[in-house]
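Quick one: structure below, then a few questions.
Each chain gets a letter, A, B, C and D, in the order it is written, and its residues are counted from 1.
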Amino acid sequence: MNTLEETNIFASLESEVRSYSRSWPAVFSSASGSWIRSEDGRDYLDFFAGAGALNYGHNNPVMKEALLDYLIGDGITHGLDMNTVAKRRFLETFRRNILEPRGLDYKVQFPGPTGTNAVEAALKLARKVTGRESIINFTNAFHGMTLGSLSVTGNSMKRAGAGVPLVHATPMPFDNYFNGVTEDFHWFERVLDDAGSGLNRPAAVIVETVQGEGGVNVARPEWLRALADLCSSRGILLIVDDVQMGCGRTGPFFSFEVAGITPDIVTLSKSIGGYGLPMALTLMRPELDLWAPGEHNGTFRGNNPAFVTATAALDHYWSDDALSRSTAAKGKRIHEIFANLSDRFAGVSTRGRGMVQGLVFDDPGHAVKVCGLAYDEGLLAETSGPSDEVVKLLPPLTVTDAELDHGLSILAEATAKVCA
Amino acid sequence: MNTLEETNIFASLESEVRSYSRSWPAVFSSASGSWIRSEDGRDYLDFFAGAGALNYGHNNPVMKEALLDYLIGDGITHGLDMNTVAKRRFLETFRRNILEPRGLDYKVQFPGPTGTNAVEAALKLARKVTGRESIINFTNAFHGMTLGSLSVTGNSMKRAGAGVPLVHATPMPFDNYFNGVTEDFHWFERVLDDAGSGLNRPAAVIVETVQGEGGVNVARPEWLRALADLCSSRGILLIVDDVQMGCGRTGPFFSFEVAGITPDIVTLSKSIGGYGLPMALTLMRPELDLWAPGEHNGTFRGNNPAFVTATAALDHYWSDDALSRSTAAKGKRIHEIFANLSDRFAGVSTRGRGMVQGLVFDDPGHAVKVCGLAYDEGLLAETSGPSDEVVKLLPPLTVTDAELDHGLSILAEATAKVCA
Amino acid sequence: MNTLEETNIFASLESEVRSYSRSWPAVFSSASGSWIRSEDGRDYLDFFAGAGALNYGHNNPVMKEALLDYLIGDGITHGLDMNTVAKRRFLETFRRNILEPRGLDYKVQFPGPTGTNAVEAALKLARKVTGRESIINFTNAFHGMTLGSLSVTGNSMKRAGAGVPLVHATPMPFDNYFNGVTEDFHWFERVLDDAGSGLNRPAAVIVETVQGEGGVNVARPEWLRALADLCSSRGILLIVDDVQMGCGRTGPFFSFEVAGITPDIVTLSKSIGGYGLPMALTLMRPELDLWAPGEHNGTFRGNNPAFVTATAALDHYWSDDALSRSTAAKGKRIHEIFANLSDRFAGVSTRGRGMVQGLVFDDPGHAVKVCGLAYDEGLLAETSGPSDEVVKLLPPLTVTDAELDHGLSILAEATAKVCA
Amino acid sequence: MNTLEETNIFASLESEVRSYSRSWPAVFSSASGSWIRSEDGRDYLDFFAGAGALNYGHNNPVMKEALLDYLIGDGITHGLDMNTVAKRRFLETFRRNILEPRGLDYKVQFPGPTGTNAVEAALKLARKVTGRESIINFTNAFHGMTLGSLSVTGNSMKRAGAGVPLVHATPMPFDNYFNGVTEDFHWFERVLDDAGSGLNRPAAVIVETVQGEGGVNVARPEWLRALADLCSSRGILLIVDDVQMGCGRTGPFFSFEVAGITPDIVTLSKSIGGYGLPMALTLMRPELDLWAPGEHNGTFRGNNPAFVTATAALDHYWSDDALSRSTAAKGKRIHEIFANLSDRFAGVSTRGRGMVQGLVFDDPGHAVKVCGLAYDEGLLAETSGPSDEVVKLLPPLTVTDAELDHGLSILAEATAKVCA
């Protein structure tokens, strides 16, 4: 058959490491808003949205126009870390629409255009500033695939890919790891304060407020506050990795706003570029900005087309709180449907915040089956969690109510089929 | 003053880690071919070309058209590692124009769109496949800023940024490290074969055929062949990091072609995207492709706009050997001028291959001064080497002869001023 | 004064690292049984007993005679790991009196004559056999001062002495670390079984059944059994470090006998030589004995005079269960006195097993004061615990009832003085 | 047969790690001077002398008397690091006979009674003092089997026993590693001074002046001086590991005296106890003595019987230079015989200093055969070197001329048999 033949080159030439193309074998050609189309003309509702890189949907017209204008006008495409007009506009807009309204005085580093690069820069800086090596991470954390980020990532299959022992990181239990049985921070606080515990004094704690890859595990605001207090009282830096949960995914721009905390270092990537273009930021409290010039660099840290789309996105979506409110409302809608499914079917539960919502199956195989059936019905949804036991929804924040209902109905039917 | 005020935000908001913006304080707005323009209307001849990311010049019209068409048509912008039409076209073109004509049967991994990600993937794979941890790198190597790549990078300032001891790597002398006094591989071969040497048996050797950041140090073909033989006879994998020297910089597409060797693993980035868009590849001999699905991943590994421009670049520039021949000719021209300067001025010498050429000053301060004067005259050129003692030229391969002569005359005058 | 002048050389020539000589500044000259005499003729009752190396008292006449005979007869003093008559006798006696009656079929390694060497050999073997690097240790563990042992030791001051980050070890809570609030192994079991926990899969668990240095923390038999089960069900090796608690300190020869478990690897040192001479053993289940000849060695691993005294000790004290029963009885006596003190004084409690008993003070300064007053009254007793908050008693197992009562009465009076 | 049956327990109960008992299967019972006797009454001339632990021969009567007196008088046997009369006498004698005459003002640490413990203490101190992790070691170095010492040891079989990657050490070529072809320190000096070399800045260099285990590789005085200069000019500490070569083995008490250098840190063990009893010292320049009390400790660091024999040895042998002169003369005698053998037989050469002398065979099998034949004729001699290609002689320094000639004649005959 034609499709098979045409996809052949993926199987024959691309490395075995490829993954999404295995669950979703279609060859995609174009996309718009919440929809992605395969070359044989089929449309898929995309509730995965670039793993959170497409919060504003595919090829959002607002950014598209800005990008085309910029490219047509021969704006700087590649700018290393030189000063450019596009970078200045981004910085101004980020300060005006994001930092200032939230009373944040972070310095901004462009660490290279991927999330893992932002995390590596954060870890390096935390170690440099404190003079300590050890990092505390959390169970089921995901922070990236380069060696520094991988060492603070939980997934054992991915860790095994390192080929060297991953050291300098000690995992602590994420919120609710013991289903509420054990008091929060009991263990962490105790080993920090016990001079005989054997725990290397950490430079920093790195945490996601909602663990997406880890299975949509949601940290309560009070847990995050307690963590921030713990760090601050012991002179440990707090890094919030907001690569997936930032840029409005949970409602507010930063996912940690709900807890009222101010991390020492914040990483952003994925949707910060607005249009799915590679871009990343490492934010740091000004007194931590002890980098020497060029001490961390990278060829694509000045991805100017992404600055342009990022600026357009911040201008359009973050001048007021409309998007945050709409995200809250849509998140609520997803939650209602998921809660209903949890009520209807044994072994199903739900958790999430804003527009990252998980449908959790006691039987891990069920989540995979639900996503498979959804794909057949034209919906892209992915599993997460250590055993792939969670259907993780990350729809574009710009999804329409009708699209949302359509996608949720597909999921509801799939769940009914699998669990009935 | 206006400019000062406008650049203010870079100083106040961007991290101290910024570097190029310090030597070239202009705020750049647009660019075309070999030229980059600042917002105050001044044009600069760009002989740095995105540190090698702009081999085809700024906003090359061939790729620009393809990119605009793609974006206007709502082609997939962000595709994770899903199959897309753009990826297929890239793979087909890469196979047809690059791999097949050179008799290479590499598998292709999209490891994330930056050079350091390609290197991290290469190191992880080499360790996974061999079950060994140790890597041999070379003096003055540069491979990237994430933890794995940084551990095989030579620069001590950059290494210090890690904040943890960088282990699992042992440096060996690059070609001509002892100015020809010591026989090649004397030390490396001896410690490999001496069961009592204390050298951990390496998984792989990682090498640049020409060290750009390290000071335009050029490995002779016979040295590269001897290295390849050494690796192959001892069961050590050979990784060529072609991030900066690949994509035609030295003449042929791969920089190692001159030596007639076939590395086990090759990394590409920078100019592979063709238009300065973030993209990277890790190539591996098929029998090494032991990755599990998803064992290494990353949000932007499917940067489809870059696939489009990459395809256009491969189609336009690599269907025949015209570019390679032109690069050889232009490289020769640069060399002649530089050789002439070396003859004229004491303490000046030159080295390079193809269109990466270095003007080396015994007095490191001289190279910095030459670049400063050149900037004043409207030429961007950067220093490299452990003491910034080398003026490193990386002009677009598409530079015209007139542009080349213009830029070289600026450099010649600057050199004369500094060295006279 | 004479003594001061004479002790001068310790202060002027010996390194600042010296420690016991600071709390007990007397210059000791001779010793016998439970008593140690300073050169100015004062006798001290020794309830520290070489930190557990003198379970049979100082210069025990049974071993003394054997040792003198051996030395007078020019028996082998230094034997590397050659076969000697003394080693054979030791092995035969150890098998007959220790291994066979307990149904143990351990192989015996002489890893070098110190506890830390026995631990290093145990860790190396566990890693070699499993192919994993990571070790689980426990809060407040003490296993030795060489790099491998230090990495599994808890004390932060001692860890800081390493000068390199101590990696490959993850601490878990020792029994009762949370005062009974948290269920046993909740955390350890959970992270072992969670593929996303980020815990490196361990080669082995290393545990002391009673943590001497850590503050006389006593693991309950049921905790030890649960630990052994956990290890065995997950393919993790169990190492019991019996350097201080073995050789009858807690009653039975091995301290783990009370739990009815059979560790995979056991370390012995301190009192195994019987006479305070350096000696150590690493015992391993036969199927784990995968050492290559000479893969671990050491000049003094055949300390034959220690074999002679060890043999005499095993012959005299371990042909029946008299010593075990007497240790139980004397331990009970100490416990009664300590329990009484705990009843009488607020902020005082007690814990221990057999003849390792601790008097725990809520106010850490109190324990140090009690030991100071005891020294003034002619009793050597030492503190332990992360804040030196525990008076740790390790009297010779051969102490007489009268001596025991005398020492305990000194401690009782000192406690009364400090706590009243 | 009887012997077989009797040795059975070694094979059945002792770990496979045992080594010397494999080449010399006799069961030894007593020893005196240069002779060691097996239980079946056979006498062996011992030219291995406890791998250098028996410089004064077996059961030397001078120390034997002192030891017996001490033991009979119930002198302290086990003293932790308390002040004792025996320790004071040792310190006084060591200062008077060793340190003061050589103008050395070292502080003395008792790090635990084995060579590897002395090395571990030296490495820890060097790292603590400098704040750096990395150590430079040399090809074919041997420093011990605990994790810190093993990481600076060259032998690949022994390194493999670690079970973790051995990091923080980088090997450099020992003197004459390239047979004089390459200039000394060319590589080391270059990578130290090149900011881009990728070499982690070392805390210390650790070196043996003559590598015993490594194959009797002798560093020239001028090489040692150049090394000391290199270290001193770059702020790197110089550690001389004199565990095997100290205590007069090469003639003077310290092996580095021949070079006129003063290392920053020195380790001693093996023969320092005089009688083959476990003992070790770490000496350090006073300004480096930054240990906190108890920061490095160990149960047997006060092995008082060894202090007694050590004192007797220092008193008897090191009050004048008679032993040094005699060692020089005997070394010369061995060298003459070995040089003669080298002349007579192709593929045989010799090297050594004082009374460590090696007979080097191009065919590694020959050295093993020679030692095997020697054993049959009643001589204990051992091979060393990465391929066991060197017959390494370490006779007691107290060997008589007649014994020496007898042993050498056995070796000469064996060599003749093997090489003829």
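Methods note: contacts are C-beta pairs under 8 Å (C-beta built on N, C-alpha and C of every residue); 3 or more make two chains touch, one makes a residue touch a chain.
The structure presented is a predicted model; accordingly, all values stated were derived computationally and were not measured.
**Student:** What chains, if any, are shared contacts of chain A and chain D?
**Tutor:** A chain counts here if it touches both chain A and chain D, which gives B, C.
**Student:** Just to be sure I understand: going only through chains that touch, what's the smallest number of steps from chain B to chain D?
**Tutor:** Tracing touching chains, the least step count from chain B to chain D comes to 1.
**Student:** Which of A-D, A-B or A-C has the same interface as B-D, meaning more than half of the contact pairs match by residue number?
**Tutor:** The B-D interface is reproduced by A-C.
**Student:** Which chain's mean C-alpha position is the greatest distance from chain B's?
**Tutor:** Chain centre farthest from chain B's centre: C.
**Student:** Between C-D and B-C, which chain pair shares more contacting C-beta pairs?
**Tutor:** C-D
**Student:** Approximately how many whole Å separate the CA-defined centres of chain A and chain C?
**Tutor:** 50
**Student:** Can you give the whole-Å distance between the Cα centres of chain C and chain D?
**Tutor:** Each chain reduced to its C-alpha mean, chain C and chain D end up 30 Å apart.
**Student:** Rounded to a whole Å, what is the gap between the Cα centroids of chain B and chain C?
**Tutor:** It comes to 58 Å between the two C-alpha centres.
**Student:** Scan chain A for residues touching two or more other chains and write them down.
**Tutor:** As it turns out, chain A has residues touching two or more other chains at 133, 157, 164-165, 168.
**Student:** Touch graph across the chains, line, ring, star, complete or other?
**Tutor:** Per interface graph, the chains form a complete graph.
**Student:** In the complex of these two chains, what residues of chain B are touching chain D?
**Tutor:** Going through chain B, the ones touching chain D are 133-134, 137-141, 152-157, 159, 165-171, 173, 177-178, 181-183, 186-187, 190-191, 194-201, 214-215, 385-387.
**Student:** Considering only the defined contacts, which chain C positions touch chain B in the complex?
**Tutor:** Counting only chain C, the residues touching chain B are 164-165.
**Student:** Using the touch definition from the top, list the residues of chain B that touch chain A in their complex.
**Tutor:** 6-7, 9-10, 13-22, 24-32, 36, 39, 48, 50-54, 58-59, 64, 67-68, 71-85, 87-88, 91-92, 95, 107-110, 112-117, 120-121, 123-128, 131, 133, 144-149, 151, 157-158, 160-165, 168, 203, 243, 269-270, 275-278, 282, 284, 289-300, 303, 305
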